[in-house]
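For reference, chains read A, B and C in written order, and residue numbers begin at 1 within each chain.
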Amino acid sequence: MRLPAGVRRYAEHPFWQAVTILVVAYVVIVFVIPLLPGSALVPKSVVLQYMATVLVGVLIYVSDNEGRWHRFQDPIRAMLVERRLKLVRGGVLVAVTLLVGCFTLGQVRTTVSAPPNLRSIHPAPPADITFRGKAMTLTGLENPLRHEADSLAAHLALGKRVYYENCLPCHGDHLDGQGHYATAFNPLPANFQDNGTIAQLTESFVFWRIAKGGPGLPREGAPWNSAMPVWEDFLSEREIWSVILFLYDQTGWKPRTWETESGKGETGKEKGDG
Amino acid sequence: MVSGLLLLALRAAPFPIPHSPFPPQDTTRGKAVYVKWCAGCHGDKGAGDGPAASRMLPRPRDFTGAIYKVRTTASGQLPTDQDVLRSIDEGLPGTAMPAWKDRLSERERRDVLAYLKTFSAFFQDTSQHIVPLTFSKEPGGATSAVALKVGRQFYDSIGCWKCHGKAGRGDGPSAPTLKTDPGEPIFAADLHESWRFRGGAGTADIYRRLRTGLDGTPMPSFSDLIDQKFLTDEQLWRVAQYVRSLSPQRAPEVRDVIHAPRLPGGLPRSPDDSAWARVERYWFPLVGQVIRKPRWFAPAVAGVWVQAVHTADSLALRLEWDDRSESPDTPWLEFERRVLDHVTSDDSVPAPADLWPDGIAVQFPRSIPAGMERPYFLMGTATDPVYQWRWTSMPRQAVAGLARGLSRFDVLGGGSAPGAGARFADGQWRLVLTRALATADTANELQFEAGRAIPVAFFAWDGSNGEHDTRMAVSAWYFLALDQPTPPRVYLSPVVAMAVTLGLGMLVAVRAQRRAGAGGDGGGRSRA
Amino acid sequence: MRKFGSLAAVVAAVLVVALAAWTRQPAGNAQGGATVTGKVKFTGAKPTNPPIDMTEEPKCKAKYTTTPTRETVVVNPNGTLANVFVYVKSGLPASAKYETPKTAVLIDQDGCHYRPHVLGIMVGQTLEIKNSDGILHNIKAKGVKNRPFNISQPTTMTSTRTFSAPEVMVPLECNVHGWMQAYLGVLPHPFYAITGADGSFTIKGLPPGTYTIEAWHEKYATQTATVTIAGTESKTQDFTFAAK
């Protein structure tokens, strides 16, 4: 592609290249990315991070060789020095000053924001629980239904029914925590498709979370916010184990076993579909 | 019957035109996808009767009748493949149907479409011409006063208001009688919440729904009116533009903190006080209480708009929420009965329809928490109660009290009730609740303080929807902040920063100039 | 290969045209000269139809001197039942074809009522839907074998629709006025009648044969009778519905 000489002079100049890259990067991050399907607005802090990265890259590039570095500095120096650029100089000075002023004001003006919610997502489970008056030891506990290989299909069918009757409004059709009630709750319902939830947990942990719900969380789990019901009020032990089978079967994750737990081995990942 | 159909088919169209733009799909693969991801709601046989169905209003689609709401075809016609794919891809906002676009591959979505068409004999009948209507382009001037006036005029004259109400909140005189074809209760859409429109929120989407109707629901097609020259195509577009203008441009963003500015004058105690027009509105979505028995899967209040202001000594909250009836309201009894008949209940005996009032609750902790800990969001617990204001439409009053879980509410005595001013008009409640920032009962009543993040949550009941007690709509904890006026000293540091910047900048420029003047060849490689 | 393809296409086209011609064979030869007549009697206590509050529609209300009621059960002064759809359910030769009448069947929305309340139509015959009230009605056909439709009529106007499959009955309703209901029997033949003010019905032009005659009522469901007729004879077949 042949550019007119005037444009080419700018296109080949490291300073204007740097400016172009920064502007393009900003436009892409702020305006283009949100338009892509499945993306959202990029938060301001992230924009700042991205732009800082781009800036560092640009600086490395322009200072890479001596000649380019000098050429890069030329326009800046010219702006500072040359008589004919007096207006530009004044403009830049005022703009930078105002920017600093606004930024400082934004920093010092106190505005109340939501306090940080330092919640432990997977708090340590208790060793024992009481399920509907029955004592259960969670440590070493496995899903008893997994040993009933003959009736696994029936358990899964029951689990599916339990899920659709009860869990769907929050955890969603796709088990990704995006049910039609999800957005009204904070924290958002767990996303079972994510590799950070049931894929990291033993089935006994999942049983505990289902049976005792939000109110059964320890303090570090912020029990006051969780909308997870106490399912032992609704479901039998068998129903809960069934729905756990369904969660793993439907998402393709494998539960963490007590062997891997003690050996800190790999988490069971055998995910076929996306 | 089949032979009759066939004969007729032959008579009508000796040369059937293939209507599917896609090559024939393998329905075995589609079935696998369907069974795994769709059957839980839509049922194994596609009859819309999966295990989740009885806890949903609107119900999942019954594919056996091949009746689809969101189409580009005339009323009574089958949908095109694209129409059904669109509903699969984008989901149906305001219902439990999610957008599958990012959840299933394109192949899987195509396959499942092919499979769900096998549920209805209508799709097997290849004589059915599936031809989308031709839609014109939207005329310009969508938001001009003239366009909206024309739109409003036809909104009235073609009778939209009969179901959707004078102001469009789904509260028209025929609204309480509305049913779907299978007899389920159905709300006329609240036209102020376009982000919940099943077929999309855009003006073109609305125009298409006007042209095609929503089959299986009381919403008819208005295409005949254009054919019969009762109104022009452009005028129908104006109706769509008018309807679009009733909702915000975008779905409201949920923000964590309600900022209550400090007002210099008196507190606006009436919901119609002009002072409210200048105060920011915050939207909080509400969903069914599905945590404690008996749960409620069909809440009618989708959310509440909240505004807050304060003065030196008092606080006012203005709550606005769309509610189709000023409950208790006898015409809605039949509707309520249908709702209760159609939604599975945790009670062994379904609750009878009754004349319940409307209500709203605003919840705070008893004191502003120092750390992140606060009471249980769902109305506290026996040992850690929450401080609530509860307002009801009958008797029309607000009380303050302590909720100790869902089943216990102890009203506080001694003039503790917040001030309340309520209006109901055109399918909307507007309520202002006021209270002094500080009170005598510091143990039970929250003492409001400026500059702090005060947890707040909301609950709503629509009596005409059978809502009372635990059958309600709930929110999570959010925050209320009484903003302090910015003291002048705050402006000092920006001024200092600016002065320093300006000084440094000038210094740099002067030094560069000096060097250039002295060095000659040093830095001043200027190409003049 | 290509030759064969075009040959197949030609054969297929000929077949289709032949089939189409065959289905359009002239009617009339299927008609006969026999008649089935009768009365639909009603026993038991005459139920009262619920009154309709038309306050919302002053234009409709003005058409009545007394409070209008629904038409669920209309018992005639002579003790017979009106609005019963009587039709030949089975017994006609399978190959018999009947010409679709050129005349339309009319349903009028008048005084926020459908007139008539029960009507019959042949497959493919035009249904004229008239709005004499000049206020907003929508007419919704809730067929199961026929595609449903739902059209708006906010003014004095007439729309037309046809039905493609036999179905007894297709309910018609207006959602603006929940009380407005009508029932449309769609048949592949013209052998039907609806009882009127004297509770009688006459089905004419039947060819000789043995028929199942069904009487359908909105509230009291259906009753059937078997009638054998020969030549041009006229037979009487009465039905009796009892109050529930």
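As a convention for this text, a contact is a pair of C-beta atoms (placed from the backbone, for glycine too) under 8 Å apart; a residue touches a chain by one contact, two chains touch by 3 or more.
Please read all numbers here as calculations on a predicted model, not as lab measurements.
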>> Just to be sure I understand: the centre of a chain is the mean of its C-alpha atoms, right? Then which chain's centre is nearest the mean of all of them?
In response: B
> Count the touching C-beta pairs: is A-B or B-C ahead?
Replying inline: A-B
>> Using mean CA coordinates as chain centres, what's the gap between subunit A and subunit C in Å?
In response: 62
> Measuring from the mean C-alpha position of subunit A to the mean C-alpha position of subunit B, what distance in angstrom results?
Replying inline: 25
> Between subunit B and subunit C, what is the gap in Å from one C-alpha centre to the other?
Replying inline: 43
>> Which stretch or stretches of subunit A touch subunit B in the complex?
In response: 37-38, 70, 74, 77-78, 80-82, 84, 89, 92-93, 96-98, 100-102, 104-105, 108-118, 160-161, 163-165, 168-170, 172-174, 176, 178-181, 183-186, 213-215, 219, 222-225, 227-229, 233-234, 250, 274
> Residues of subunit C touching subunit B in their complex?
Replying inline: 16-17, 19-20, 23-24, 56, 123-124, 135-136, 138-142, 144-145, 147-155, 157, 159, 161, 164-166, 175-178, 188
> Which residues of subunit B touch subunit A in the complex?
Replying inline: 36-38, 40-41, 50-52, 55, 95-96, 98, 100-103, 105, 254, 256-257, 259, 285-288, 290-293, 297, 346, 372-378, 381, 451-453, 474-479, 481, 483-484, 486, 490-491, 493-495, 497-498, 501-502, 505-506, 508-509, 512-513, 516, 523-526, 528
>> If we count contacts the way the header does, which residues on subunit B are in touch with subunit C in the complex?
In response: 1, 4-5, 7-8, 10-12, 14-15, 65, 67, 75-78, 122, 157-159, 162-163, 173-174, 177-179, 181, 213, 215-225, 228, 230
